[in-house]
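Next up: some structures, all given as structure tokens.
Shared chain: chain A. Partners: chain B in the first complex, chain C in the second.
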Partner chain A sequence: MDLLQFARGPALKFALIVFCFGVLWRLTAVFLLRHERTLSEPRHPVFRALMGGLLAAGSRSAPHREFIRRTGYSEALGYSYHIGLFVVVLAFGPHIAFLKSLFGVSWPALPNNLVTVIAALTLTLMLAVLLRRLTHRVLRLLSNFDDYFSWFITALVIVTGLMASTHFGAPYEQLLAWHILSFDALLVWFPFGKLMHAFYIFPSRAINGYALARKGASV
Partner chain B sequence: MNTVATAGAAAAVKTAFDRQGALGEDARVDRAMAGFACDFGALSALRLESCIHCGMCADACHFYIATEDPQYTPIWKVEPFKQAYKRESGPFAPLFRLFGFKRKLTADELGQWQHLLFDSCNLCGRCSLICPMGIDVAALIEQARHAMFEAGLAPKELYEKAAHQKRTGQPEDSAEPYRDKLLAIGRSHGVDIPLDKPEADVMLTVPRTDIEHYPEAVAALARVMSHMNVSCTFRSDGLVAENYAYYAGGREWQRDISRRLIEQALACKVKVLIVPECGHAYSALRWEAAELYGRPLPFKVRHITEYLAAQLDAGKLRLRQAANGVSTFHDPCQLVRKGGVTESPRKLLRAMGVELRELDDHGAFAFCCGGGGGVLDIQRAAPLRYRAMESKLREVDQTGAQTFLTSCSDCRRTFDDGKRHFNWDKTPQSLLELIADHLGSAQEARS
Partner chain C sequence: MPEYQARQTIGELLDRQGISRRAFIKYCTAMASLMALPPLAGRAMAEQLRAARRPSVIYLSFQECTGCLESLTRSFSPSIENMIFNVISLDYDDTLMAAAGHRAEAARDQAMKANYGKYLVVVDGSVPTADGGIYNCAAGRTAVDILTETAKGAAAIVCVGTCSSFGGIPFADPNPTGARPVSDLIGDKPIINVSGCPPIPEVITGTLLQFVTTGQVPDLDEHRRPKVFFGNTIHDRCYRRPFFDQGKFAKTFDDEGARNGWCLFELGCKGPTTYNACATTKWNGGTSFPIESGHPCLGCSEPGFWDKGSFYAALSTGTFGRAGNLTPRDAAKLGGAAAATGIAVAAGATALARHRRKVRMTDIQTADTQKEE
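Moving on, here comes the complex of A and B:
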């Protein structure tokens, strides 16, 4: 078994198992905790509060107008690289083929060269995000190993992907093996770190939005 | 890196903190963590798990905006508890303990957080509105205050007032009981004070702040209720609206203080309990009392502006036009951002023909006065509080309004204090008093 076979075979299988069970456990462990009873008289009926929750789940994707002046730059930076990541993951031909092998569905891909450029831009934006985290006094205080390692593992997947797609520095098979191994590592790390926000984001927004809407407050 | 040790360094200078009781250091930390865990459920865990360390909550907090000191970042204020959660009860707690990723705090380190959790947080909830993950940071801070209280680490002013209120119903000693003061206010303002009626439709409460500082607001409340011919009463054994245990973090004491009012309301079989112009009393009674009491309240809890707006709609409250020029209005955080009482005061102002010029940040996005969450009562917090309120005063000035109104007496007292400190030329006024001064004739009210 060569490195590529190992990356695609047992390593990927192991990573997917850790990812699935880890994510499931981290969600279950939280949602199985005690649920507080809400006994105060609501201002709005349940349906309207639920609508508030749904609204918050979507609307918090953009900052409230009142906060844009202070947060616009970091929001723009954050969303830009997230969009870049989505495009690279979901619109690159080989990735679509991989996802088809897992889920059985596929969709049209963007041209490889375009995705490569987007990946390079995404990496640049991620470097800007890292620089900001290292230099901004609030972010520097808040940041811990999880923040930096999650950044590193994500960036590593992009770097190895860029190297593989441009055949840079080593034989293609070897570069591809590194890329897949770095992705395997990302899957293994995913349930343990802040990458889990991909699963928490909408429940968290919706539940807070529901609580606010129940009181008749702005979401 | 966000170890607690470096957090202490970030705070640069160690701040003094208050202690209650004679607990040993380990016992104090254990009780803090148990206190944090006692009302810890799925919702709190989701809040802690969801944080992505984006730091945006700092950009909503007036303490950070005024100082640019990163320790005032709202989510940082619960950092010890976030770490304790991961170590003690998070999904991977055994791993954290096994590898020693999150070490146990010392009581001294925890004490350093008293400044962040109490002196520099108004529980105003503006940070909860900016969070892209939708985390209610203010709720976490409130929970962390419970932990600090359990550990005997609450600021002495809040602790002592809460203890006094739990024991006597009043947050502090007074030369004469509040009941007698209330009656004296009625006599001096020529208004009947309905007191201790065996039954009534509405039970009235009064802020201790009004009794001590703004007796005219107490008289205004009685005058407005009399004008509408509402069957109402104050109760000697349930007068004070405030709940200092809510500030101090004493969950059981908060329940006992709320229960005093609830039992009085039940005794006189009221349909509505009125919270006067007091923001945090509204949060404590409207949104938290039933949970602490353990069952839904068999009466409604309404802020006075909500109640009056409903009476206006019902035609029972008639108001004359107020000729007080252009006015601006401060939205109390607990009423508006956290309570949804946004439209009622504006409806009342429109009914009096008041020209309202809104602050730049108003409604749910209004900045706190700086005194909420008990901060006004913490003496050592005053210098920081003044820094945090400066931008608010500038916002008021920028409206060019001649009259500055609000519907919370603690906000009013905070602004009055700021007026003295900064030689500010505005005087905060009570919306309720404005209403009492512009009541239509009795005939109009009943027509």
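Moving on, here comes the complex of A and C:
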């Protein structure tokens, strides 16, 4: 078995199993956390509170006007590289083929060269994000291994992907194997590190919004 | 082959057969261009070859389908390919030779004795080693025996086809005959692998010709294949590459993309990881190659190509699942089972934590009550 076979075979299988197991484990564990009873009188009916929750999930994603001067740069960086990641994952032909093998649906791809440029831009933005984390005193104090490793594993997948798509540095089959292996590693790390925010972020905003709306706060 | 003919130089033999010097130079120039050599190399090659004596070649067929030999003999440029048989002295090939039985074996013995240390062994097919090698015998001897004996006096061994080069189809899981490639069994001779299932005829003849001309093993890649033919991937030279770059893929064999000649990556093309000359030398006298005929490359010149998952699954997908490739059904089963286990483990752990908390709270309450009393 060569490296590519290993990456596409047992390693990918293991990674998908760990990913599904881990994600559901952590989601269930959070869902089953004990919630303190709300002792205050409900100010809004459940339906209105639910709408408030949905609204909060969306509205909390928009930059807050009051703080825009202080948070604008990091928010712009964050948004840009997340959009870049989405485009690279969802609009590159070989990725669409992979997603089709998982979910059975496919859609048209963007030109490879365009996706390659977007991937390079995304990587540059991620470097800027890392630089900010390293140079910002408070952020640096707040950061731990999880932050750096989650950044590293994501960047590694992009770097190996870029190398594979540009045939840079080694024969294509090796580059492809490294790319798939780094993706396998990302899948394994995903549920146990901060990458899990992809699953937590909107439900947690919605639950907070719901709780606040039920208490009568405007969200 | 009568001995007086074998002693003749190639030039003398060609003259006797009425093949002009000019025609021979033309042939050598074509071969030189196939090997990406400069134009003048063809003339030099022709001169060198005319002065050389034809090397004796012993062609051994083991566990194979004869497709490689078919490929070689079904060449669409018969005059050219016939000529290669004038450049070498094919002294033994049990599929092609008229002699049979003891006479055939005697021809091999004689060629080996007369050219000891100088003859070329061409091997077609993998070598079975399980159960004492009984799955492939000729003249009452196993393939392992015949190969080991014949290889002893060889100047070099050329493995024609993926079976002799890497084990090929007989080597595929579960490999019931214990098939092995030649390189696993012979360690003390130069080995050149001309892989492919089958290999391109011009690649076989070109490799032989290069060895005969220079007397040296050509530059080989990590799988011992001549770099001149196996230096690029099919994808590197594929005429559908612009469609790959534009993200235009055929999704089925009869959709609009297929009719427009778009890239076959999503239909399982292994061109990006397959090293061969199909996209440049092509097949059937340069007519076309599989991708040109609308079928994805199977990667037949690569080691283990039969065990690398479905031929029709994209390279970027998993190679596990019922049919050797990941399908949504397999993914749902696998992911569903893993997710259900995750939910069960989390629910169990939460219930345990809650129970422990309850016990702790009860203990605290009891202790408080006792204190108050």
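Following the convention adopted for this analysis, the second predicted complex is superposed on the first by the 217 of 219 C-alpha atoms of A that agree within 3 Å, B and C clash if a C-alpha of one lies under 4 Å from a C-alpha of the other, contacts with A are read in each partner's own complex, and residues count from 1 in each chain.
Here is the rule we use: a residue touches a chain if its C-beta (ideal position, glycine included) is under 8 Å from a C-beta of that chain, and two chains touch if they have at least 3 such contacts.
Only a predicted model underlies this, so the values are computations on that prediction, with no experimental measurement involved.
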Worksheet item: With the two structures laid over each other on chain A, which partner does A:197 touch: chain B (first), chain C (second), both, or neither?
Response: first
Worksheet item: Now for A:101: first (chain B), second (chain C), both, or neither, which partner does it touch?
Response: second
Fill in: Touched partner set for A:142, first chain B, second chain C, both or neither
first
Worksheet item: Is A:34 contacted by the first partner chain B, the second partner chain C, both or neither?
Response: both
Practice prompt. Tell me which partner A:4 touches in the superposition: chain B (first), chain C (second), both or neither.
Written response: second
Item to complete: Return first, second, both or neither, reflecting whether A:26 touches chain B, chain C, both chains, or no partner chain.
Response: both
Discussion item. Which partner chains sit in contact with A:205 here, chain B, chain C, both or neither? Use first/second/both/neither.
Written reply: first
Worksheet item: Once the two structures are fitted together, what part of chain A is touched by chain B and by chain C alike?
Response: 25-26, 29, 32-34
Discussion item. For the complex, give me every residue of chain A touching chain B.
Written reply: 25-26, 29-41, 43, 56-57, 60-61, 63-64, 66-67, 70-71, 74-75, 78, 136-145, 147, 192, 194, 196-197, 200-201, 203-209, 211-212, 215-218
Worksheet item: Any idea which chain A residues touch chain C in the complex?
Response: 1-2, 4-5, 8-10, 12-13, 16-29, 32-34, 91-98, 100-104, 106, 108-113, 115, 172-173, 176, 180
Discussion item. Under the definition above, what is the set of chain B residues touching chain A in their complex?
Written reply: 1-3, 7, 10, 39-43, 45-47, 49-50, 52-56, 58-60, 64-65, 68, 70-71, 73, 75-76, 89-92, 128-136, 286-291, 293-297, 300-301, 336-342, 361, 363-365
Discussion item. For the complex, give me every residue of chain C touching chain A.
Written reply: 233, 235, 244-249, 251, 263, 265-266, 272-273, 303-304, 307-309, 313-320, 325-328, 331, 334-336, 338-343, 345-347, 349-350, 354
